[in-house]
Each structure stands twice: as C-alpha cells, then as structure tokens.
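Some structures are shown below for you to check.
Each of the next two complexes has subunit A plus one other chain: subunit B in the first, subunit C in the second.
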Partner chain A sequence: MASIEMTGLTKNFGELTAVNDLNLKIRDKEFVALLGPSGCGKTTTMNMIAGIEMPSAGSILFDGRDMRTTPANKRDVGFVFQNYAIFTHMTVRKNLEFGLRVRGVEKSEIQRRVQNMADLMRLNDRLDWRTAKLSVNELQKVAIGRSAVTEPEIFLLDEPLSNLDAAFRAFMRTELKHLQHEFQQTMVYVTHDQIEAMSLADRIAVMDLGLLQQYGTPNEVYNKPRNIFVANFMGSPSMNLLPCRLTGGDGAWGLDFGNAGTSAIEDGELARRCKSAAAAEIVFGMRPEDIDIQPSEVGHPGLNMEVTFVEPIGPRTVIHLAAGDHQVKVAKDKQYPIEIGATVKAAFPKGRCHIFDAESGVAIGLE
Partner chain B sequence: MTDSVVNASPGLSPRPAKSGRKKKPVLTPLEREGKKLGLYMTLPAQLLLLFIVAFPLCMQVYVSLTWWTPLDGTKWYDAYESLNWFGNYGDIFDDSKFWGSLARTFLIVVVVVPAEFMLGLGLAMLFADKFPGKRVFYSIMLMPMMIVPAVAGYMFFMLFQSSGPINDILSAITGTRIDMVWLADRDLAMVSVMIADIWQWTPLMFLILLAGMVGVPEDQMKAATLLGANAWHRFWRIVLPRMKTVMIIALVIRTVECFKIFDILYVMTGGGPGVATKSISVYILDLTFKDLEWSYVAAIGLFILFFLSLIALVGIYYMQAAQKKAEA
Partner chain C sequence: MPKPIHSYIWRYALILVAVGLALLPVAWMATMAFKPHTEWATSAADLHWWPHEETWANFEFIFTGQTDAVNITHERTAGKPILASLVTALLGTLIAVVAGTFGAYAVSRFKVGANLPIGVLQLRLFPPMAVMIPVMIMWVFIGAMDTWWGLSLIYGIVTLPFAFWLMKTFFDEVPREIEEAALVEGCSWFRVFWKVTLPMVKAAIASTALFVFILNWSDYVIALLLTRKDWVTIPVYMNSLSNVMSGQMYGAKAALGLIAALPPVVFGIAIQKYLVRGLTFGALKQ
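This part shows the complex of A and B:
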C-alpha cells in the first residue's frame, strides 16, 4: 500500500520557482506520468518525492505519513535515473545486490532475489560483467533491476527511456507496464514524450512552468484539454489552434476567422459552451485527425481552404491547408487522394471542437 | 580499400590470428625521412635530459665506489685512484648512527603519514559538502602548505618554547601551570617535530584526496542514497573504491616526501637533543659538511634512493592493479 499525496508543494531555487503550489494525489498501485517540456518542474517534483530535494513549502504524504523528516535513504523509494547512475566500479551482480546489502539482508536471500531479478530482466549471462562493457539497453535493465530488487512500494522513473534506441524503447514500454503489474507498485514516471505518457500511464499530470496544467486519464487529457498548453502539448501533429472572434448570440453562434472567412456553429455542445465565453476573442481548436475534408461547396460548418502541402508520413498523410492568415493540418489515412492547389472545405468535427479564452488560454465551458 | 573490405569479412580470406606476432609496419620513404628528422630535432633535448638526470646519477655511482674526497685535491674523475668497490656500502651496515637515523625517520613516517592521511580524508569529506564560508576555510586550509618549511619550523620553534604559547594554552585548558620543555626532551622533541610536519603537510593530503572525492559522480551517490545507503555505506562502498588510486598516489607522495624530512625539523631541533630527532637527511648533512665523507654520502644516497624506489614501486603496482580492476 502506498499512495502519494502532495499538498501545496513548492520548490524555489533562488529567484526561480521550479514547482509552484502543486496539489497531486497518486493512488496506490497507480501509474502516473508527469508530463511536460524540459524545465517544467517534473524532475524537481520527482526529486522531492524521493527526498533528494527538500520542498520550500507544502507537504508530501506517503499513505498519510508526512515524509518531511524522513531522509531519502529511509523512504524506500525505487528511483531510476535518466542516465541510470550505475555503479561503474562494480559488476552487474554487485549493482543488483547493493540495495539489499545496505539493508543487511541475509546472504542466501540476497542471492535468491538477485537471481530472480536477473531472470526477470534477462541479465543472467551478464551478472559477472563489469558495467563498463554493457550496452545502453543493458544498463537500463540493471538500473531498473537494481531498484526493483528491493521491492519498493513506490517506484520513480526519471525519463528512463529517453536514451534508448527506438526499437528497444518500444520494447521497454511494454516491459515496464508488465513489471508494474508484477510488482504491484505505485509508479511515477517523468517524461516529455506524450506518446510514452499516453501509452503507459493510468493518469497523466501535465506540467508547465512549475504549474500543474491538468491531471486526468490519458483520455481526458487528450480529449478534454483544460487549456491551450495541454491542447497543444498532447498529440502529434499538435492541435490546430485558430484565433478568431465569437459572433452572434444564443441560438445563432458564429465564428469570424478574419480574412479566412466565417462559419456558423451548428454543434449543440459547442453552442452550449459558447455561452460561457467571457470575451469574443477566442481560440478555436481542432485535432488534425478529427477534421473532415469535404468538397468546398458543401454547406457543413467549416472553412474553405487551399491545399498547400501534402506530407506522406508512413501510416498517415498530413495535409496542410491555408486560408488568409490561418493554417490547418489535417491527418488522414495513407495515400489520401488530394492535390496541391485544390480548394476544399475543412469541416469542423461535431463534438470534437475546442474553444479557449484567447487571453487566459483556459478552455471555455468545460465541465 | 578493397583489400581491407575483403579482410574484414571472415570466410573470404583467412584473418590473421589475434595473438599473432606483430608485423613491423612498413614505412614509406617519406615516413622514414620524417622519423629521422624527428630524432634530429629532439636530440638536443634528449642530450640535455641525459646530462641533467643520468650524469649526476652515474657520477654518484662512480664516486660511491671510491674513497674519494676533494680535500686532497683529487679531481672527481681521478677518483678511481682510491677505488674500493663496495667498501662504502659495507660501511653502511656497520654504521649504527645511520641505522639510528633511519629508524627515527621511519618512526616519523609511520606516525606522520597515517595521521596526515586520516586528517586529510576527514577534512576532504567535510569539504566535499557545502557549508557557509567554505571558500574562506578552503584558502585557510591550504595556507600551511605554502609556507616555506624553514619558516614553519621557526614558527613551531617559537610555539614550543617552554615559555611559549603552547604551554600557556595547555595551562589555560587544564587550569594548572604546565611547563613542558618540548624541544629539550628526547620524546617531546620528536612529538613536536611530528606535530609541525602534520600541520604543514595535511593540506597537501587534503587537497589530493578532495580532488579524488569530488571525482565521485554525484548521481551515483544519489542513487546509492535512494537504494537505502546511509553515509557510512556510501563512503565505504562508493567513495572509497573509487578513490583507491588517488589514495595510493597521496600516500606514496607523502611517504617519499616525509622520508626526506629536513627543513622544519632542522630549524626546530637541529636533530637534537642529542640525536633524538636526527633524521636521515640531518645525518647526511652532518656527514657532508662535518665529516666530509663524500663518497660515503654518495653510497648512502644511492642506498636510500633504492629504498624509496621500492616504496614507490609497491605503490605503483597497487595503483595499476586498482586501475586495471576499474577498467576491466
């Protein structure tokens, strides 16, 4: 049993506030990803959970126990560093044994557990190797195994996959998910890769500039972004965000895209959300894969745009559209039949449009 | 180009065995010319080095095999006239004054070097962490090392006078008047000299060890902490194994240096009272300028050189072993 509860967590480095009033509850056995661009405070948060950094303010509770006075070596937290921090002067076996030895575990028990871990991580034939001879992929396994062998209830991973080659990364992604299932641990996973976060985590905490932007399931974060930052950060290619003016009133809302034209809003859900708009200046968002391309004469709400560029990227085709000052990317199946220069209608997807306040960036009318 | 490609793929052409004899690389005429030119260019420097290092050593060996002394006007190159082969070396074994000085020097080394090592290590551990005023303390810490040993000796000479500050301080601490005759007592004089040497040379030990300690990657220390290691575990399992080489270097440097202890000691006690603090260097000084036994001094010098080389060799052996282990 190990839940983590952070309340008002703040960390200042001199003038800089790395983490600002963070409130986050991580349930027992939950897999949470801290997601954000570099410098957003996610690693600092992780270090505070581990006890390497002390918070400037706020508290961290493990299962309701305040961790303020518990030093890092007593927190029983597994930690995998981005660069692995393998003990290079020891063999693989000594690395795996380390956590157990300093805990004074019996010799035979150490041997048994190290053997099990080596089996699990497929490091058997490397046990007596010097770590200098290992590949990056193997170092990664040693780093995870070394922490996992002590069976911590909380496992923290700081961008553990960022140094790996693409194939092994995909492999380790599934492996990590299996491991978590096996160990029944609470896992906190720091990453800047939204695909990793989406595929691994039960819940994602999106951070930027030391502030928690949104905390929810991958589905929530992706489909109901709370603000422009989250909307833009999640998804690749990222969401089309078009600044525009909200026109009309109740029952007959419209959008004015300036020199790109105008469009009515026929979507009932979107119209309901428009009512909450504080100002006419808004940002209209659509995910590239949600946009429907139709002939320009169709009356569906949308913008008539010109095809400027077509990118065939393997499984998909990314179509670039432009009208006036606005550009829109549309993601379609591979070998989508379309010609550069054609004028088409980028039809707004029903129930899948997003509107944000232009000034604050906050999603309008999201419940 | 094609050759190397063929050679690189096993099966197409037999590859030379790995352990096979190394073939002498075939040089092009230009390369051969270049090698020759290189030799000519470095020749002056090589000759100079030969003169600086090899000549005095050879001369010392030569003189040590004779009874030569310049007092009777014999030139050094005519020393063979009084050739006695290993007579001087034989004398060393019968020279109780020599063995006494050597024993005292030994005593100083085995007390002073470990003490400096432990103190230096402790200080290095302190200075590996951050604390307020660290830079100032750091500068202060290094100061003793920069003082001319003779001056440091004079400082301690004054401090250890029976009417000097050390006795006053001890009196103040204990509450009763203490009047120890530090430099006139056989044992206390030795202790005083040792304290002075420790004071002066702990900073060097500290500096070398600190450099080694800072070289321990911080992330590994963090990783160890998070795996449950306390400060003792971290020191014992991470810091120490990584500092082995540096520790050996520090110990060898200080052992060899300490063996040659002279200035600080000579200023403080002059080797006295009696011969109580007479180190090998002081003994050699006496031989050279009081007894004028120059060929004998040469023999003793070689004897000690051999001895110190042994210590250095042992150190180098352990250092290489440690390094090999780290790299393997």
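This part shows the complex of A and C:
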C-alpha cells in the first residue's frame, strides 16, 4: 500500500514560488503523470516527494504518515532522474546492485533480483560492462532498472524518456506500463509530453507556473479542460481558441467573431453553459479533429473561412483556414480532398465546443 | 579533407623547440652529475656536454661526505635530508589533500560557510614569507622547530588553499543528481560521499595530490627557516654543498638535483592515467 497525499504543498526559492499550494491525492497503485511546460514546478514537486527538497509549507503523507521528518534515504522510493545519474565508476551490475547492497539484502537474493531485472530490461549481455561504454538507451534502462530492482512502493520518474530517440521512446513506454503491472507500484511520472502523459497515466495533473491547473483522467483533461491553459496544452495540433463576443440571450445565443462573421448557437449543451458566462468577452474553443468541413452554403452553425494552407503530416492532413483576424486548424484524414483558396464552412461540432472566460481563462459552465 | 602536411610539420617543430628549451638545463644537470671535478670546475672554454670520464664520484660524495676524487670532506650526507624531504612533503600533501577534500565537499554541497572559500584563498594573497617570523616564534613555542611534524604541518597549511580550491571545482562539477540518486537509494550522506562522490573524483584527488606534492617538495624558504640540523630538507642541504676551499660544488649539486627530480617524476608517471581530464563525471545526457 502506498498512497501519496499532498496538502497545501508550497516551495519557494527566494523570490520564486516553484510550487504554489498544491493539493494532490495519488491513490495506491495509481499511475499519475505530472504534466506541464518546463519551469511549471513538476520536478520540484517530485523532489519534494522524494525528500530531496524540503517543502516551504504544506505536507506530504505516504499512506497517511507525515513524511516531514523522514529524510530522503529513509523514504524508500525509487527515483529515475532525467539525466539518468548513473554511477559511472561502477559496472552495470554494480549499479543495479547498489540499492540492494545499501539495504543490506542477502547476497544470493541480490544476485537473483539483479538477474531478474537484467532479464526484464534486456541488459544481460551488458551486466559486466563499464557504464561509460553504454548507449543513451541502455543508460536509461540501467537507470530504471537500478530504481526498480529494490521494488519500491512509490516509483518516481522525472522525464525518463525525453532524451531517447522516438522509436526507443515508444518501446520504453510499453515497457514502463509492463513494469508497473509487474511490480504494482504507485507511479508518479513527470513529463512535458502530453502524448506520453495521455498514453501512460491513469490520471494527469496538469501544472503551470507552480499551480495545479487540472487533475483528472486523460479523457477528462482532454475533453473537459478546466481552463485555456489546459485546453491549449493538451492535444497536437492544439485546440483552436478564438476570442469572440457572446451575443443574444437565453434561448437565442450567438457568437460575434468580429470581421470573421457571426454564428448562432444551436447546441443545447453549449447554450446551457452560456448562461453561466460572467462577461460577453469569451474565448471559443474547438479541437482540430472535431471540426467538420462543409460547403459554405450549408446553414449549420460555423464560420465561412478560406483554405490558406494544407499540411500533410503522415497519418493526417492539417488544413489551415482563415477569416478576418481568426485562424483555425482542422485535422482530417490523410489525402483529404480540398483546394487552397476555396471557401468552406468550419462547422462547430455539436457537444464538443468549449467556452472560456476571456479574462480569467476559466471554462464557463463546466460542471 | 585531410589537413595539408605542412600544418602538422610547423606545429610539431614548434613543440620540439619548446620541449628542447625546457629540457636543456635538466640535460645539462644530468650530464654534469657524472662529470669529475676537473670537468665541471673547468674554464668556460673547456665546457663540454658529455663527460670525458664518467664517474660516480659526485654521488659518492653526497652520500658519504668524501670521495677519492677530491680532497674535500663534508660532514653531512644527503641521506637524512632526502628522508626529511620525503616525510615532510608527503605528510604535508596528506594534510592538505584530506582537509582540502573534506572542506571543499562541505562547501560545494551544503553551502555552509559562504565566506570560507575566500577566507581560505586569503592564505595565498600574501607570500608565506610574510608570516614566517610569527610562525617561527609559534613553532619555537610549541616545540615544532626542526621536527618532521612541525615542517609537515606548515606545508599542509600553506598548500591547503590549492588543494581546497582545486577540489572545490571538481566537486562543483559532479552532478547533484548522482548523489541524490544514491541518497534516495537509501545511503546516508557520508556513505554517498564515500561510495559515490569520492570514487568519482579520485582522478581529481590524484592530480591535486601531485600538484601539492610538487609545491611541498620544492620548497626552500620555509624549510630554511623552520629547520636547523635534524630535519633539513634537500633544497636546504643542497645550499650547504659549498666550501671555502672548493667554492660551489656543482657536481655534487647536480647529482643531488638529479635525485631530487625523481620522486615527482615517479609520482607523475604513476598517476598519469588519472591526469587525463577527459574522464567524464557521471553519465549525463549530451
């Protein structure tokens, strides 16, 4: 059993607040990704869980036990560093044995567990190599193996895949999932890569500027972003965000996009959310893959826009549309038949539109 | 495209000239050590590189105080000064490197004593000579004059700043993550230092030790002031190799100089592989 509960967690470095009043509960055996751009406080949070940094305020509980007075070497967590932090003066075997030796595990048991881990990580023929000779991919495997071999109940990974090449990254993603399945740890995974977070995590904590922006399942975070930051950060290409004015009133809401035109709102769900709007200035959002392209004369709510650029990106085609001051990206299947210069209707997807308060950036009317 | 050969030729020619210039006096000393008295005490017109009659007389003289070749005797021999130099230089190096390493680690990692690095550096902001008179008085007071430990102690103190600053730069280069990794694996701070950090900087320790050793080994002034008879070191002893009758005994000095050059060379060769600073600290992303 190993749950982690952070309450009011704050870390200041002089003037800078790296983590600000973070409240996060991570359940036992859960895989949680801390997602955010660099400098958002995710690594600092991780260091505080490991005990490498002490919080300026707030508390961290492992299974209800306060960790305040427990130093890093007594917390029994596994930590994989972004730059691997391999002990270069030791062989691969010595690296893998390290944690077990420190814990005073019996010799035969050390051998057995190191052998298992080497099998799992496919490092068998590298065991007696000096680490200086290993490739980056192998170093990463040693780093993960070294932390996993002690079978910690809490496993912390700080951007473990960010230095790997794309093919190996995909491979390691599966491997990590597999590892968690095998050892049933509680995993906290720091990343700035939303695809990694989406594909690995049970829940994602999106952070920015030291503040928790949203905490939920990949599905929730992607489909019900709490604010503009989350909406923009999740997904590639990112969500189309169009500043506009909310017009009309109950029963007959409309959107005014200035020189790009206007559109009525026929979507019942969206109309319901419009009622909660505090101000007329809002930001309207749609995911590129949700937008439907229709002939311009169709009466469906949407904007008539001109095709400015077509970008084939392998499995998909990204179509760039423009009208007035607004640009919209639409993601379609590969080889989507469309011509540059044509005028089409970017139809608002029913039930999949987002509205945010222009000033605060908070999603309007989200329950 | 391979570089044209003339670019190499000039570079190597220049290096050869520089090495030749540096080695010239050493070579002269080496051949002189084997020249009989008549050859090194000759007039400028007769100077020659290679001894006409090679002899061990100079070595015999410094170790026994007399030789058949010259009609001079010297009451003190080189044996004890060589021992004194070895003992004091090695102990001084040990003191400076051990204290410097621990101090540098503490300052580098725990940010304790923010002004300490500059404070230590101040020890080098004036020549050690400037404080030698007070030190002499102190040493007399604590009975450290002309003792092996008194001289070792002052060597350790005088070279500590070098050891401290060198080690501090090396420790600063060790990535924190390596130590943090060992820490979360369950090591105490001391164990982290002992099992992880220290082995990683052992090359640095070796080069620091060599540097400090050479400083101690070649000291003249401190030994001159703090020793009288029993623990006179090689440089001080060498200065005594003169005589009213014979003047400066260059042959004997050359022989002793040759012996004195050996330990740093041997030490240097022994740790040569560590001196190559291509060693990387920790495996980090490129």
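By our rule, the second predicted complex is superposed on the first by the 367 of 367 C-alpha atoms of A that agree within 3 Å, B and C clash if a C-alpha of one lies under 4 Å from a C-alpha of the other, contacts with A are read in each partner's own complex, and residues count from 1 in each chain.
Here is the rule we go by: a contact is a pair of C-beta atoms (placed from the backbone, for glycine too) under 8 Å apart; a residue touches a chain by one contact, two chains touch by 3 or more.
All values derive from a computational prediction rather than experimental measurement.
**Student:** Let's test your reading of the overlay: on subunit A, do subunit B and subunit C clash or fit side by side?
**Tutor:** Taken together on subunit A, subunit C would clash with subunit B, as the superposition shows.
**Student:** Touch test for A:T131: subunit B only (first), subunit C only (second), both, or neither?
**Tutor:** It touches subunit C, and subunit B stays clear.
**Student:** In the overlaid three-chain picture, which partner chain does A:T150 touch, first (subunit B) or second (subunit C), both, or neither?
**Tutor:** Both partners.
**Student:** Between subunit B (first) and subunit C (second), which, if any, makes contact with A:F81: first, second, both or neither?
**Tutor:** So A:F81 meets both subunit B and subunit C here.
**Student:** Kindly classify A:L139 by the partners it touches after superposition: subunit B alone (first), subunit C alone (second), both, or neither?
**Tutor:** second
**Student:** Does the superposition put A:A72 against subunit B (first), subunit C (second), both, or neither?
**Tutor:** Both partners.
**Student:** Which partner does A:G99 contact after superposing on A: first (subunit B), second (subunit C), both, neither?
**Tutor:** Both partners, subunit B and subunit C.
**Student:** Name the contact category of A:N163: first (subunit B only), second (subunit C only), both, or neither.
**Tutor:** Only subunit C is touched by A:N163; subunit B is not.
**Student:** Which partner does A:I52 reach: the first (subunit B), the second (subunit C), both, or neither?
**Tutor:** After superposing on A, A:I52 lies in contact with both subunit B and subunit C.
**Student:** Would you please give the residues of subunit A that touch subunit B in one complex and also touch subunit C in the other complex?
**Tutor:** On subunit A, the overlap between the subunit B and subunit C contacts is residues 50-52, 72-79, 81, 83, 85-89, 98-99, 102-103, 132, 146-147, 150.
**Student:** What residues of subunit A sit close enough to touch subunit B in their complex?
**Tutor:** For this pair, the touching residues of subunit A are 50-52, 72-79, 81, 83, 85-90, 98-99, 101-103, 130, 132, 146-147, 150.
**Student:** Mind pulling up the subunit A residues that touch subunit C in the complex?
**Tutor:** Per the stated touch rule, the residues are 47, 50-52, 72-79, 81-89, 98-99, 102-103, 131-132, 134, 136, 139, 146-147, 150, 163.
**Student:** For the complex, which residues does subunit B have touching subunit A?
**Tutor:** Touching subunit A from subunit B are residues 217, 219-220, 222-230, 233, 237-238, 241-242, 326-328.
**Student:** Within the complex, which stretch of subunit C touches subunit A?
**Tutor:** Interface residues on subunit C, with respect to subunit A: 175, 177-178, 180-188, 191, 196, 199-200, 202, 280-286.
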